[in-house]
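The two complexes that follow have chain A in common; it is paired with chain B in the first and with chain C in the second.
Presenting the complex of A and B:
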């Protein structure tokens, strides 16, 4: 792990000076407060817009606090992931294509150190991001609807975080393996198509990384089959480690792709 | 003199095309070597293989002092930096990645930036740097850890005359301490600071040796004789000589005619001879000859 601390500092500087520690959490906070607010003020919004016909009656379901958290996670899963992956997926491939990596690759550094320093900084950015997102969502939910049990909330938070680590590992692995365009396509396909497939035919299995996001809310509802949960969690962790390992190998192998 | 680097049979093949073909040479310690060749001759590919970035198809690169990667500094033709770093941050990082201790790295970085003439820009972001400043920073990152071998890919080609002069002087200053291998297609630069020449063409090493050796090999022993008037020059010249203005060029190819015969002609000459001079071929002329021969 030669050069790890230096590379870690470099990645932190890059994320910090590129405002990634500010704007990505901000996006997640906005996404998080969106659902509790719009749901609660739905009638007012409709009235304000003003084209509700006379005598229009609408049945708004009685929402539980956990429903709103689930809705927020749904937002993270689409727009949130999209932004996060688009930001991270070029991390290795763009450095290679621009030639910025050349002055690093010629030095006696370890590729594991380089890869992991990127992974750690991205994990930190995403940790702060979903912390902001969950906080915003839970804050407005607790004001407008009612409180959530803090223990299961934390469990759900960390479950979602494990899923995000998997997403980051996939994005970085693709970035190490291919050029930016192909890496983006592959990473998006794997994560989003995986979600769709899991949604459509996922009733046939209960253990998969793509189910982890929804398992988080099931923990709060208390309807989670714990053995499925643990299996999914450990499968995800193992997949993450595999992606990281492949990523490091590919990063080293593709070092000669660097523009000189 | 001790050998620092031994390159044997270096070959790189991309699909059907051999970009570098069986290149072998030695680099002696504390000498400068110029890798000369036209565009596309394989200079950059050769350097990339020496840095370890590119794996050779065949052949080997051996460094006497042990690990190659830890002992080289490399300046690419167009060095790219992370624009959001400052010059001193980048140079310090470069030093630390090469194993210089944290405390020392900052000092070395500042000293090196001072040396390359970026002393007053060390805290500026690289994004604001001009081409010449980037080239200097490129040199700084290559020498900050005091490598045994310095590899430079076209170090001055992209610079204006003033910048070229300054960078060349910088490199001359380094000659005493390190072994330098640099590629160039600007022959005047090579003529200025070089102990050894390597001519590369179509991936092959077509000529090598010191500037003097190569010169001797390609010198056709031209003598230039200057007269007062053009008429005199024309009258003096024999059928095999070349006349240009007041100058007569006599070529002594393979002792034909011999030096003695030439001197005899000169002594019998009725006109005033202003000057007789042995013509030394410039590197450019040699280059053209080498290129034609290959």
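Presenting the complex of A and C:
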């Protein structure tokens, strides 16, 4: 792990200069605010925009605080992941394409240190992001609806974080293996197609990384089968480690793809 | 006019506006400092200001050119 701290510093500085520590958390905070607010003001919004006829009555279901957290996680799962993967998926392949990677690859650095430093910086960014997102969502939920139990909330938060680590590992692995365009396609396909498949035929299995996001809210509801939960969690952790190892190997192999 | 303004639940709305403003200002500051963007700079100014939330996110994802 030669030069690990130097590489880590370089990655942090790059993310800082690109304002990644600021704008991605802000986007997640906005996504988190979105659902509690729109649900709370649904009647007002309908009155303001949609020609509601005289005497029209609509039954809006009584929402529990956990329902709103689930809705916010749903937002993170689509728009949040889209933004996060779009910003991270080019991090290795773009360096190769622009020729900047030459400056690193000619030095005696270890590829695993380089890969891991990228992974650590990205996981820090995503940690701050979902912290902001969860805080915003829970803040609005607690003002407008009611409070959540802090212990299970933390459990759900870290469950979601493990899932995000898996997503980052997949994005980085693809970035190390292919050119930017192909890497983006592959990473998006794997993550989003996995979600769709899990949604459609997911009742037939209970253990998969794609289920973790919904398991987080089940933890709060208290209807979670704990053995399924632990199995999914460990499967995800193993998949993450496998993705990281493949990424390091592919990064080494593709070092010759650098444009000079 | 003032009564209308007073009726708005500011405790609820204010954080939303603040976050949006910060995002816009950061995007504009970055645009001021950056050397070159994908596409004309003046276009990004208009996108960031008028497409308020989507505009600044779009700028950060596709507008910044990495050199």
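To be clear about the criterion, the second predicted complex is superposed on the first by the 259 of 260 C-alpha atoms of A that agree within 3 Å, B and C clash if a C-alpha of one lies under 4 Å from a C-alpha of the other, contacts with A are read in each partner's own complex, and residues count from 1 in each chain.
Rule of thumb we're sticking to: a residue touches a chain if its C-beta (ideal position, glycine included) is under 8 Å from a C-beta of that chain, and two chains touch if they have at least 3 such contacts.
Quick caveat, the model's predicted, so the values are computed rather than measured.
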item: Which superposed partner A:18 touches (first chain B, second chain C, both, neither); value: both
item: Touched partner set for A:98, first chain B, second chain C, both or neither; value: both
item: Partner chain(s) touched by A:128 [first = chain B, second = chain C, both, neither]; value: neither
item: First (chain B), second (chain C), both or neither touched by A:109; value: first
item: Partner chain in contact with A:190 - chain B first, chain C second, else both or neither; value: neither
item: Touching partner for A:29 - first (chain B), second (chain C), both, neither; value: second
item: Which superposed partner A:87 touches (first chain B, second chain C, both, neither); value: second
item: Contacts of A:255 with chain B and chain C, given as first, second, both or neither; value: first
item: Per-residue touch tally on chain A - higher for chain B or for chain C; value: B
item: Common ground on chain A, meaning residues reached by chain C in one complex and by chain B in the other; value: 18, 98
item: Chain B residues touching chain A - in the complex, by the definition given at the top; value: 44, 48, 51-55, 67, 69-70, 72, 74, 76-82, 84-85, 89, 93-94, 96-99, 141, 153
item: Chain C-facing residues of chain A, complex; value: 18-19, 22-23, 26-27, 29-30, 33, 37, 83, 86-87, 94, 98, 136, 139-140, 143-144
item: Interfacial residue positions of chain C with respect to chain A in the complex; value: 11-12, 15-16, 19-20, 22-23, 26-27, 30, 53, 56-57, 60-61, 64, 66-67
item: Sites on chain A touched by chain B in the complex; value: 2-3, 6-7, 9-10, 13-14, 17-18, 98-100, 102-109, 255-256, 258-260
